[in-house]
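In the part that follows, the structures are each spelled out as structure tokens.
Next come two complexes built around subunit A: one with subunit B, the other with subunit C.
For the complex of A and B:
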């Protein structure tokens, strides 16, 4: 309950501190991270291809928004569908392998989708991205107003968080965690492990799809990077610095990551270099993420206080 | 028909380079048990090192020797200063580390050599072509075929016929047992990473005069190297060679008829093979 109020307060305060676009991007990225964390944190599957689902959904919904004038809710529905479907295809090929093979396969299939988007310029715009994705007005709600769109995204984020909480606390969530803890034992108890992994993939893909469509509408463009491997890496990084062990980790990670990349990209055009340095530093010195660093900081403070 | 035969030859030449990449990655993945997302960046660094060495010393052959050695040295440092501290961490942190390294190397390439692609001529001796009867074929590509073939053979001989190669293969099978036998497993890891980096570096150096150089080349090759390993099987030498040749030829043949799809076809071939044989062509795990 305390976490919920904290999130609610952040939603209210955030647009006062940063530009509404950045604030919106943070919640969109958090939805993306929630989807990945079902795989990474709860099922123990390290997917390095989440932008496949994010980008595919953004392209399909963006195309329909642009050329067929569908409304925002239909676009989101299509995003869920495309995200889930692409995750079904990719997941089917990947869940049969485990460990390093699994990671490499998710990456390789991500590259397949990337090259299709790169070459299919008549639809995707290739390197220039799919430009001119609209944010049409619906039921008197003017989504072109950045604040209205921010509130809309925030509500969708809260709905996603609630849904994900229900999923991880459901029997399905418990089975996924059992697979993470001990795959062989989960299989021996009678659960069809690949099928549950695939289900986790599909749910994660649907969340990524929603995030992808919201992202396309936010910036009015689907950049080629949205389906590229750097995007897949970014969401893994955000989830890990937030802490993949908790439901709220990806949210904290999204804050830190978007803030970090936004402030660095202003400073220097070659900011991915700084991002890479940040990755290396976090891995070598701050493993466990922000949540653990916070705990360590407090235990250190408490233990260093003189006894009274 | 002659076009097709020429393309198949091209496919074999690039396929041998893919095999070199896959072989190095397979060795690193098999021995160290880490996902090496910096493998493509090492490939790109090899190519750029070649250009710089040739620019300074004016000798291609010296460049072909020094560039991969430089990459191997870089690999040595990366393993010793970074990866070594991550063996007990999960794959997620290892991945993040190597991915971060790839970003750093890629950006450094842009900073040092510029964001625009550069072309590089083969040495005077290997310029021009030879008449093979059915087609006029560039000498340099034939050289790449022979050179990559020799390197693959040398790696195979090292792994199969030398004592240290046997230790390395044992390391792929069972690390705990190897270290229990009194072998310094950490040195084994360092050597394996350096050899893998060397192979990536020389593949990059050999590629430079064929395709030119661009900062993007590392990422493109990373995906291909993963495909080779996924198809060929971890630590499986013959598998890596066969998989490299298969996708090299498939890519070249498709390029003759439908250029836009030639890169996507690599991944499509992988998806198809995995549909039929989820364990890869020769994989057992």
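For the complex of A and C:
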């Protein structure tokens, strides 16, 4: 409940601190992170190909928005569908292997999608990206107004968070964690492990798809990078910094990552160096990311208070 | 080995063999496990006992031969299906979910074989009264109910062995396969484990692999002896103790 209020306050305060576009991007990236974390944090699967689902959904919905004038909600529905479907195909191939081979497969298939987008210039615009993706008005809501769109994205983010909370607290969430903890035993007690991994992929893909469509509408363009491996890496990066062991980790990670990259890139061209340092610190000392740092800080505060 | 296959057999193997390359880990094993009894499988290290368990629970398919559960051919059924057929196992090396509480450890097994997976994606795990009760009962059976909220990685080795057993029990199996439940236990803990296994007798059909002779002789209804992948003897505990071939192979001539 306290976390919920903190998020609500952040949603209200954020557009006062940063430009609405950046504020919007933070919540979009958080939805993307929520989807990845179901795989990374809960199932223990490091997917280096999340931008496959993000980008595919953005391209398909972007194309339909541009040429067929579909409304925003249909675009989002298509994003969910394309994200889930591409995750079904990619996931099906990836869950056949584990460990390093699994990671390489997610990466390789991502590259495959990337080159399709790169080559298919008549549709995707290739290196120039798919430009001119509109943000059509719907039911009197003028999404072209950055603040209206910000509120819209925030509401969708809250809905995504609520949905993900339900999922991770459901039997599925516990089964995925059981697979992370001990795959062999999870199979022995009666769970078809590859099928559950695939389900995690599909759900994660649907979240990525929503994020992809929102992203395309935010910037009015689907850049080629949106389906590239750097983008896949960024969401892993952000989630690890925030803390993959917690539901809220990817949200904090998204905040840190987007805010740093937007504010620092103006000041200092070598800003990714800072991210690198942050990443090293997390990997070496803080496996639970910012969330763990927060917990440690409070335990330390409590224990250092004199006993009365 | 010619034998009359008992109609009351709940679990049977017929000429079951498994080879890993040139190594014949299990050779031509025909076993009949009678419903309701406690059937032990003994043999020196490397005799193929655990491989036999792995075959029975579908960890890998046999090279040849058949496995029958309730007269139904289940040969080649994958591990995750076996649990749903009422066959449940514990592992020789503790194989639990370390970051889970004890209750969550058994809950995951109780839910797997539960009657309904309704709400799999959105209902809170607290809202499955049947699985929750089944999980608590499994912890009660092994005497760990007081520690239900402890994490599995934080309890003692002896308690982890009890938890290992509880996970197998939580599925409410018809046949319980126990792979050295007393492995690595102190004499005191072993005594407790023997009492525990004895308390389960009659409630489940039990197949037990064990090294400690005192356990086997005191709790078994029937004993099968494996040596180099083959069954070399089968009978009641007293018969096995008298069998000269068994003494040579396994007891090393020491009078038990």
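The rule is short, and it goes like this: the second predicted complex is superposed on the first by the 272 of 308 C-alpha atoms of A that agree within 3 Å, B and C clash if a C-alpha of one lies under 4 Å from a C-alpha of the other, contacts with A are read in each partner's own complex, and residues count from 1 in each chain.
By definition in this document, contacts are C-beta pairs under 8 Å (C-beta built on N, C-alpha and C of every residue); 3 or more make two chains touch, one makes a residue touch a chain.
Source: prediction; values computed, not measured.
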item: First, second, both or neither for A:193, with subunit B first and subunit C second; value: second
item: First (subunit B), second (subunit C), both or neither touched by A:99; value: first
item: First, second, both or neither for A:19, with subunit B first and subunit C second; value: neither
item: First, second, both or neither for A:295, with subunit B first and subunit C second; value: neither
item: Between subunit B and subunit C, more extensive residue contact with subunit A; value: B
item: Which of subunit B and subunit C A:174 touches, first, second, both or neither; value: second
item: Partner chain in contact with A:184 - subunit B first, subunit C second, else both or neither; value: second
item: Subunit A residues within the subunit B interface of the complex; value: 40, 46, 48, 93, 96-97, 99-101, 103-105, 107-109, 111-112, 115-116, 119-120, 229-230, 233, 236-237, 240, 244, 270, 272-273, 275-280, 282-284, 287
item: Subunit C residues touching subunit A - in the complex, by the definition given at the top; value: 57, 59, 78-84, 88-89, 91, 95-100, 104, 107-109, 111-113, 117, 119-125, 128, 167, 171
item: Of subunit A, residues touching subunit C in the complex; value: 166-167, 169-175, 177-178, 181-182, 184-193
item: In the complex with subunit A, residue positions of subunit B that touch it; value: 29, 33-35, 37, 82, 85-86, 89, 91-97, 99-104, 106-108, 110-111, 219, 222-223, 226-227, 229-230, 234, 260-261, 263-264, 267-268, 270-271, 274-275, 278-279, 285
